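Some structures to go through are shown next.
In the two complexes that follow, chain A is the common piece, with chain B as its partner first and chain C second.
What follows is the complex of A and B.
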């Protein structure tokens, strides 16, 4: 094995390093400049300065880095320590599984866009303009999504047609888009560059249409479509220009067939077809929270209590002309019994409804009852304008809505005046939050973080280490307004174009690999993977290379070591520890994303710590096995520190909590075996907390 | 042709392994036909001196059960090793240390104190403890030295094969014996059962959800387990995922979770630490205080995770006593 040692321009003075006949030591005066050739398949050890720097100069190697500069020279430890650190790294490298290059071939350069709202239209349009073939899959018979149901958009109150219609017109200019209406993605197989999607299409009923509208006139079935009445056969003026039958309401009486100038088939059939794609954009939008679950507000029970969308459509279409309106904010939001989160956009929706009713009927009295008004940025102007227009804002959370003498009464406290109020009204609008539409994410096995699927590429907790074929746009990952959705859609389009620019992508990201001779399909690991990369396929445990981020949590969870992380096999770390740790040492196993960086900072800031503190860099605190602690303790270690990211801040989402549970039970074990519970300590150490790291190791060294 | 000579010896054990041989039922006649016993203290009257007088390697195979905790057991293990071509660690105690190995949470003095003084049924007003040599009017009486630490057989002598289990099931014994007689043995050091963990063959594994996560840890004594469902899916600790299979799921079929008597699979050195890691990992709680509470609800972790394997674990025993 090659061991490349850098003297860092004579700052590291290493002499007489001999690790036996199998280990070839190469000394470099300045490794960064000399940049020797290293075969990426060869196992090597590089000793020099911090891996944080060396890794950028020597990426994609099968390499263990030994930090001689920050961990020895700068903090004044004797250079003899280098021998132990290098020897331990060599022992590790001897047994680890080398990283196999992963090649993702981008075979298909077309994209499937799931959804038909503003985000989906924008992403399809942008991609089609750039020459990418698009299959747009929309569940309903018409484009437009949530926006097409609205009367207007906040803050100005412009009709949705100002935004949606030009957008659709622009999209229709592109010829390379196939549209699938009344269609859902039933099954998705394959991986980045080559997905196979099974589509399931329900029949539209209307086959050929002259747009005469006679069918609507004769249809006897009235349907309440979120506050607006329509027939079972209907039309939404977006796209396509063809009527559709709502088979959930249709009684198949046949009246429409009699008057139709085109062709109507009343049989609701389901057809399946398969399409392929190199990437998938999920723009499936959001769902409104079921506000009837907030029973104290009387939705469904009390006439006059309605949802924002119903109110908007009823007022806009002239069906409703209220005199006194109370808009209740956070109906079921920021509430442990309902949605624990803030849906971000409902404050503006509420303001928009207040403006809508005042625009139409200026004499209407409008009350807004809100715990908080979250009108960030320029939305504060919108809020102030409505105050000037005479909307009364009450700070509070209503306890209930009741009916008294033909009038609705909203009971609430007013936190400004400390009074209990009863506000009478004819109309109560419940501004509820939103829940994500996770159907597509579930099919792809994409995990939710809390309530939302945010753990991938172009979403909040994105991670760019691996190429991904799944992108999101708009409100699919979190409630978003039109403006934000459009920006997000363009980002998604850019990501797809960036992917399709390449024919193949090669990465050397370490992956978990499964030894099928050992795996008994016990499934302990599957739920612990933060990325949903593990699944059972044809009665075998499989790692999805596209999803695996190389955290190592599964390999430490596996009760038989059937799962192994390339380059970080648990046995490798065991060998390293057994070689490195001598009686009286303190071992620090530090997460590469946080605690390890604190040791670099300790060196620069001269926070000194004793020389018997020996540091090993690990992918995650969740990639440390209790057996590793046992190994160190068995070798006489005074203490074992596992340093990880703060709670909720783990690079791999949950690795630090896994580490916490292991540490807690291990402490009990060690206690019963005659050790102090504190011989092992899991500590949260931020990347700049050099001081904290040094204090802890000093304490452990006592 | 002369029949191969066989020894069957017990160290620190309960006698269950001897019982397992009797459980061979009519098959035992086949064994008796095929071999000739030269030592079997529980059944036949041979003297240690008879064995000592035999030439080295003259015994074809010695089956040794029980952990090693006294001078006499150590002596016999070494003697049989010297006289035998093959030594088989028979049963969980010889293989891993077994239940007697749990004594490694104490030392000799503590054990004597408990056994000869503190237990309520003991009356020992003079404080008499076992001594290795006692002078009497009839001469010196000797007892073997009682060690502080219980050892596995392979920590005492070289072991060729392991027959796992508490006790090894008859079918595995017959398979092992047949393989030896026919000379069809796997590589030295093998555990004579399957390589994969118990879940591979456990019927209940099929009922396990793909994403196995738990929010509380239950003890089998606290609940009535559903005989169709995976124990772990119900939060009941079962060592099946970490334990070699081949036992025939005897405990599972009696609606008891696996306790690990077949020992770890081949890559695992410390079965207790390994399963501890697995179990802790599936605790689906993202709150430090809550995690601490659940961890504390795992009672007697040594007895749970190391029920059969404390002497073969990395630390082997309690330190500093």
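What follows is the complex of A and C.
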């Protein structure tokens, strides 16, 4: 096996490195500049500076990196330690499964866009302009999504149609878009470059339309569509210019058929069809949080308590003329019992509603009760303008809304004066948070982290958890305003074009590989995979190469090690530990995403730690087996530190929780075997917490 | 005025170590607890948010010697609604326990403890009460319960309040 050692311009002064006859050691003065040829199938060990740097310089190789610069030279450890580290890496490389290149051919160069809101329209028109065939799949009978329900957009108060209609007009100019209304993606099969999507279309009711509008006049059924009344046969002024029947409300009385100048079929039919695509763009937008779960605010229980959308539609259409309005912010947001996150846009929606009602009825008294007003950037101007308009802002979180003498009373504390405050009002508006529409993610088998696709959690890490042919646009991954959605949609369109530029893509990201001879299909790994990448196909366990992100959790879960991560398997780690650890050492098994970076930082900031601390990089703290700790303990290790990301920050969604669960079992086993249970420690160490890492290892070394 | 020169930066960490005080640092001061508190509707000087805030600032002496600390009725309305999931009533309880351990026990509690130690009850049983029981056909009860004093001694509470 080749071992390439970089002296980093003579900063690393190596002594005699003799690792036996099988190991060929090559020394380079400056590996980054010299860039020796390495066969991508060959197993090598590269020793030099931090793997975080070397990985980018030598990608897609079957290699293990040894960090001599940060872990030895910078912190003044004796260079003899290098021999142990390299020898251990060689032992590991001997047994690991090499990476197989994964090639995905892109057969179909067309896109399915799921959704019909601003983001979906933008993606579709951008792609169609660039000659890509688009199938636009919209669940409702009309385009426009959430924006088409609004009266105006914040901050300027642009009417919704001024944004939406030019966009739709631009999209209609392109000929290579197919539209599917009243349609949902029922089933999605296939992989990048070749998806097979089954569409389920409900009938629209109106087949041929002259737009005379007589049907609406005769329809006897009134429907409350988010605060605005409409008939069961209705029209939204976007696209297409054909009326539609809401079959959930329609009584099939037949009045509309009698007066219709076109053709109406009152039969609720469901049709299915299949379409192909090379990539999927999910622009399914957001849903309002069920604010009736926040029982103390009395939504659904007290008349006069409404959501922002209902209020906006009711005021704009003239149905509601309030005298005194209280707008409650963060109804169910930033709340451990409801949505734990800030939905980012509801502060502006609340301000917009305040402005809307003041524009229409200037004598209205408006109170905004907010625990924090988050008007970032230029939106501060919007907030200032509303204070000048006479809106009273109260800081505090209301405890409840009650009914007293025919009016609603909002009970809160005014944090500015520190006194209890009761505001009587006729209308209470709840500025509720948002949850993304996750139906499509569920169909694709993309697991969600809380409410959001795992993608959101990892957005800044270059480690997206979406399969490679799936893109998202707009508010599908996190609540976003119109402007943000449009920018995001253009990014998604660009990514698709970039993908379709190639005929095939090749990646060498490590994946799990199943040894079918060993696998007994016990299904334990299927439950532990954070991405749902494992499934049983024809009585055999299969790994979905697009979904697998290479965390290695399944290989630890498998009782017989049948599932092995490429370049990292339990046996390899075991060999590495046994070679590396001598009596009295402290072993640190550190997550590559967080804790390992802290050791690099410790070297740069000169936080020194004892030389018997030996560090091994693992893909995830969840990829460490109790047996690995026992290996170290058998070799006489003084302590074993497992370092992972903070609980909410795991780059593989839930790997650190697995580690936490294993730690408990391990401690019990250590008790049984007569070791001290403090010998093993699981700690959450952030990227920048060099000091924490050093304090912990020093403590363990005592 | 809150003078941070008198603040004890370790105070909040000591409260967190107490049983029930764990969630203290999560507080972001939304005042939901203060607005929910039924005690506050009778006496506005009691304010759980203020107690937590002063604890976070480290105003140890001011929090512990305040008589309002002892107003909490433990109805847990605040615990129900806290958006950060803090067990507010438990935190107040932890501060109360800390206060007693550090010699800030209010006089009323001391009198009650004294009664418990002497009689084993919070009220005195007199001959009049026994006669009344006899008339109602109830068995007589002991005037004192010495076991309670032993329990109190065992818990060490008497030493803490200096009795």
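A few comments on the model shown:
FYI, the second predicted complex is superposed on the first by the 497 of 702 C-alpha atoms of A that agree within 3 Å, B and C clash if a C-alpha of one lies under 4 Å from a C-alpha of the other, contacts with A are read in each partner's own complex, and residues count from 1 in each chain.
Note that a residue touches a chain if its C-beta (ideal position, glycine included) is under 8 Å from a C-beta of that chain, and two chains touch if they have at least 3 such contacts.
Just so you know, these numbers come straight off a predicted model, no measurement behind them.
By the document's definition of touching, of the two partners only chain B reaches A:648; chain C does not. By the touch criterion defined above, A:371 reaches chain C but does not reach chain B.
Of the two partner chains, chain C is the only one that A:400 touches; chain B does not reach it. Of the two partner chains placed around the shared chain by superposition, chain C is the only one that A:419 touches, whereas chain B remains out of contact.
Shared-chain residue A:522: touches chain B; no touch with chain C. In the superposed model, B is the one of chain B and chain C that contacts more residues of chain A. Residue contacts after overlaying the shared chain place A:411 against chain C, while chain B stays out of touching range. When the two complexes are overlaid on their common chain A, residue A:636 makes contact with neither chain B nor chain C. For chain B in complex with chain A, the residues that touch the partner chain are 105, 195-200, 205, 208-213, 232, 240-242, 245, 264-270, 272-286, 288, 291-292, 294-296, 298, 301-302, 305, 313-315, 317-321. The part of chain A that touches chain B in the complex is made up of residues 517-528, 535-536, 553, 556-562, 571, 574, 622, 625-627, 629-631, 633-634, 647-648, 654, 657-658, 660-662, 664-669, 672-675. Chain C makes touch with chain A in their complex at residues 28-32, 34-36, 40-41, 44, 47, 49-50, 77, 81-85.
In the complex of the two chains, the chain A residues touching chain C come out as 296, 330, 334-337, 371, 395-400, 411-413, 415, 418-420.
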